[in-house]
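Notes to accompany the following structure.
Chain IDs A, B, C and D follow the sequence of writing; residue 1 opens each chain.
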Amino acid sequence: MLKTQELQINIGPQHPSTHGVFRLVVTVDGETIVDLKPVFGYLHRNHEQLAEVSTYIQMMPFTDRLDYFNSMANNFGLAIAVEKLAGIEVPQRANYIRVLMAELTRILNHAAAVAFMINDMGAWQTPLAFGMREREKILDLFEMASGARMMCNYFRFGGIVRDLPPDFMPLLNDLMKALPTFFDETERLLRENEILLLRSEGVGILPKEVAASYSVTGPVLRASGVPYDVRKAEPYSVYNELDFDVPIGSVGDIYDRFLVRIEEMRQSYRIVQQVIERLPDTTGGHINPAMASIGKQKALKPPVGDVYGRVETPKGELGFYIVSDGSARPYRYKVRAPSFINLTPIGDMCRGHKVADVVVILGSIDIVLGEVDR
Amino acid sequence: MNILIMVIFVVLAAFTLAAGVMVVTVKNIIHAALWLIASFFSVAAMYLLMEAEFIAIVQVLVYVGAISILVLFAIMLTRHVTGEGVRQLYKRWWIALIVAAALFGVLIVPTVFNYEWAVQPSGAQISIASTVEIGTAFMREYLLPFEVASVLLLVALIGAIVIAFEERSTRRRVLTLAEEVEQRRQRNESLRLAPTTHASETSE
Amino acid sequence: MTVEFDRGKAYVVDRGQPKLRAGQGMIAGLDVVIRHFFSAFTKKLETPDETSGVFTVQYPEERLAMPEAFRNFPILLFDDTTGQELCTSCFQCERICPPQVIHMTQAVDPTTGKPVPAVAEFMIEYDACMSCGLCAEVCPFDAIKMDHDFELATDDRAGMTVRKADLDRPVSYYETIAPTRWAEVKDGAYKKLQGNIKRRSGSIGLSPRAATAPKKAAPAAAKPAAGVAKPVAVKTAMPMAAPGKNMSEEKLARLLSIRAANVAKAGGAAPAEAEEVLATADTDDVAEAPAAVAAARPVSSGGIPFSADNLLGGVPANTTMAEDKVERLKSIRSGNLARRG
Amino acid sequence: MLQFLENIFGPSWIVSLIAFLISTTVILIVTPVTFMMMTWFERRIVARMQDRLGPNRVGPAGLLQAVADGVKMFTKENITPRAADKWVHLIAPLVATGPVIFLFAVIPWGYGLSPVDINVSVLFVIAVSSISAVGLMMGGWGSNNKFALLGAMRAVAQMVSYEIPAVIALLSMVLFTGTMNLNKYTELQGGLPILGNTLKDVIPDLGLGWFVFTPIGLVGFMIFFICILSEGERTPFDIPEADSEIVAGYMTEYSGMKFAVFYMGQFLFNYALSMVASIIFLGGWNFPGIPQLISIAPPIGALASAVVLGAKAWFLFFVMIWLRGAFPRLRMDQLMAFAWKFLLPLALINILSAALWLTIMLWCTGDCTQNPWVFTVGGINPLGWLGNSPVLRQLVGFVLTAIINAGAFFWLLNVNRRPAGETPADLARDQAFGTASLP
């Protein structure tokens, strides 16, 4: 009878839809994927080793470069971890501003992540242009507060660099008027689209047991039906004072991931609303007075010990494990990068599907190679 | 017949023959298939020269558009023949030549000697095989051959489907993750999956 | 079944009802797109509360207003009236810089041979700078600030290592791009500057820009609001580097020598011994060695404010720096040892 | 006229040679310009759909952008991969694009503006357009690149599969009209919507009897348009050059002018088929006022007809851009399933509808005794009650075929739904949620 031979195709390292320098070694039987092996490390930048030779505050700008879409969330993670280690209190106002920034980051990341996934599916940039439009507005706000659009370097141990500038709130309020329209429009544009349904329903299913055993986190895990969110599981900052729900999926396929991301944007919107309401009444300054000068930040010497600080970034649980030997530099520093861990089940997720599904599944995981390779 | 048509005819005929020769002499089998397409195409042009538009177009549609694609597909999907340097001429090529010439003679001789060539009176316009004529002929005189041919094609089509199904049933089916988990659930097996892929980092 | 949390719950997203799909979803999508198509002809998206209309900013003609906080690359400030630089070469920025692209040498009083609170040479590798702004944040004298000028594209890599002459900007320039920020620190900065000027003598601490071309600096300072500031650095820095390969090679050689020196110091060599420096450089990196040798050879001081002597020789400021590095190195080594053990 | 030309230029074959040379030149000038306009048009339109401006720097409103692109393409390095089959790689773009330009030889650009008027032009279009598949195959194979070969395979498989419903859709129209000559389609689509030319004597010719207003024409148009999208590799069927999967498909290894020629072939193919669709389904150059203009002042009328036909073709191209702006793309197996499980049966049913319509229109009309269309059932003419009124027959035919086609459409949609047990809802049930607890 007819025999088909398995063929190995390298998708990447230079390929338009690997979201960076990343290689997928795909073994196909016809068009069906038999095996898929992700190869990464092309963007390795010694992040963890750098930390061991830098002071704590020097690491803050480097965390921006982990997941360059969500620098605020990464800053948050490092700040939380070091504060836990050194026992630094954060004023209430600083906490609310931190949460505001983290949730805006979530909105901008998901707006782009959904759009990039649709792009991988073959749309000609339209959802991306709409997503980028909203993202630009949020980045304008970031720029106003921190001075940079993407590499914000906004958080300091014990607070944030600077309080919000006076013209920040009016612009944020304007943005809040636009976002619901954007969410509705995105859903109307894509949610019921038959082609999207065909491409995403039942494709790349990650059953929740498997997801849990791969220790996947973030929207990918929640889309598989596990209601796990660090903000709820171990509330940090002021998340326990805010009302929000955790959207989860029922099937765990690409479509669920898409829907969960859109719902998460809506929940983040809710949080931002609450933060805006409460921000004028918050107490404390933008930073703990004991840590207010950069000299203090620089000379920070946490007591001997180790700590694992984690936050829920838009991609999943970002954890910083830091061992301090009492000096100004961490003795050991380890990043639990959500993109990296979410990427590990891609081989299993793609098995049995078609070649064209690989890029969509990859897009639905939403990785940033800066974080995967560190 | 005026000069222009004569010139075109000679050019086309030469090209057809040359392409035919190339088909059997060129070493790369894909190139041979491409030359075959070229000769089909020039035959179609020849029909056009005879003002048999319909036949010319059908020639293009069937031979260039369909058959040649089929040939190309067949060659490309078969391994180890696409390489260059496949010998087309073997030691006893002259035997093949004799056989081919004999067969060709058997076909051509009766046609040449038995057919009454109608010499066209100059100026008379006759249409060779118009659409209507061909349609009528198919439905009247040649109904039986026409139907037999279509049944044959149908049988071929069904046969292809059968082969494809058989091939599909023997092919190793790759289970998706969801299906595998479902199976294990039904068999009450452990859901721990054996790692099938190993993410490997490139060495620095 | 849902999971309840403190202040919230987990809910399953609605996947929609299975129904006969005859292209309704696609038509809805087409509708969204065509609405945007028509609105893009009539509207321009200007405020963030809109979601339709053209949002393109046609860059060279139209520019977004840059917020005061915007930070691109660091610059050095000098006082408009006196031409004195605010920098005292306290090495704070050099130490905090995460990618370690800031290098400086402290000025030495030529008569007494003692260091003065002024900077002899200051160098920032713009090509490796990551614009984190920590240097500006840490500077106790408000001498280093983040510029708003971002149009620095160039094909000259060596030219991206910018020296003091091209880093200097008058205070008035910074005032135009960040008025409130400057207002916050203005008094303190001037007070410290007055104190420092007293300890400087002669032309030490005078900005090369103010000294050579105060007329040129003034228009640069008078540049209007943030967004439209002319790319001063490009205009002045690039031609300086451009005239020939020699210039940039020289710069590169100097940079390499500094690096080699740093490597050598980190390697535990006594900073005063140039020979040892060279030896270490030799073993460490063959490629860098010739450059280091070239730099270490006494350079005729013809117009170059940067001599090998004060680069490698026994300048007290460097000694302190080296001590710091030795200390850091020790800690790293002990850390490594501890880990291995 | 011809005699006059013969007097000047000599024997008739020289005259025809000159005439053909002129029309060839015109086509070879007009088509690349059309292509350039199309690239500009697409980029500008899709930019507006995305709230952007699109290219607007080169020339007024960016109109010369295509020229700038052309200059760039010409000056780019022409790379031939070392492992490529040099000649096949070189000739492939020509083989892919040449036939597309052939198409313009038989497609009328307006009233009386047909370069060559052959009797079987519909068939010509189908036949010649299938040649470019050979070019794509050559390009994909000759590049010696896995992605290129994969793209070529996909392209050819897609072209061959979608040719079948396209041909059947056109065949239903051929059956409907009884002609394969593109020049004759326009006259047949005058008059009023649905009723066509039947009330010509009562109401002046409005030129609106487009076939797209009849159920057969509508279904045929839908099928044909989808097939154009697929054969012209437009979204959502741009699988052969799916940039996110196989880089650029068969064009991966092409650069400079060779790439541009491929690109031109693709765009012109879209345009040519849009013209064919406009002629066959959208009434050709019919529009209120055009028939009168043609009869009053033929030269002006011809010009106006060309404008109208062009507008229709450009509108179809606009719809393609619109779709491209809104949709992701299908997967290969879904694409094939769509062609074979949905379009093909629908096209076949549409042919049956066309036959039914023809029967209703022709059954025992006029003098019942001479018409070959007289078959009585048990001595009674089953359609006798319709009488000779074409209006009544047309209306009856309209209703009947509308019912058949709509029924077939929804039936096929229903058949093609996912079988029970495989829908995501079922999957959701299997994946009962809530067992995993929070750590």
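Following the convention adopted for this analysis, a residue touches a chain if its C-beta (ideal position, glycine included) is under 8 Å from a C-beta of that chain, and two chains touch if they have at least 3 such contacts.
Quick caveat, the model's predicted, so the values are computed rather than measured.
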Other chains in touch with both chain A and chain C: D
Pair joined by more contacting C-beta pairs (A-B or C-D): A-B
Where chain B and chain C are represented by their mean Cα positions, the distance between them in whole Å: 68
Chain A-chain B separation of Cα centroids, rounded to whole Å: 54
Centroid spacing, where centroids are CA-atom means, of chain C and chain D in whole angstrom: 59
CA centroid of chain A to CA centroid of chain D, Å: 45
In chain D, residues with contacts to at least two other chains: 49-52, 325-327, 424, 427-428, 433-434, 438
Sites on chain B at which at least two other chains make contact: 178
Junction residues of chain A - those touching two or more other chains: 126, 130, 133, 189, 193, 195-196, 202, 205, 207, 209, 225, 227, 232, 248, 250-252, 255
Every chain pair in contact, whichever chains are involved: A-B, A-C, A-D, B-D, C-D
Chain A contact footprint on chain D (complex, rising order): 46, 49-52, 146, 235-236, 238-239, 242-245, 247, 324-334, 422, 424, 427-428, 431, 433-436, 438-439
For the chain A and chain B complex, residues of the former touching the latter: 1-2, 4-5, 29-30, 32-42, 44, 202, 205-207, 209-210, 213, 252, 343-349, 351-353, 373
Residues of chain C that touch chain D when the two form their complex: 1-3, 12, 15, 18, 20-22, 26, 29-30, 32-34, 36-37, 39-41, 45, 52-56, 58
Contacting residues of chain C [partner chain A, same complex]: 3, 5-16, 21, 23-26, 28-29, 31-33, 36, 45, 47-51, 55, 64, 66-71, 95-96, 98, 130-134, 137-138, 146, 328, 331-332, 335, 338-339
Partner chain C, residues of chain D touching it in the complex: 45, 47-53, 322-323, 325-327, 409-410, 413-414, 417, 423-425, 428, 433-434, 438
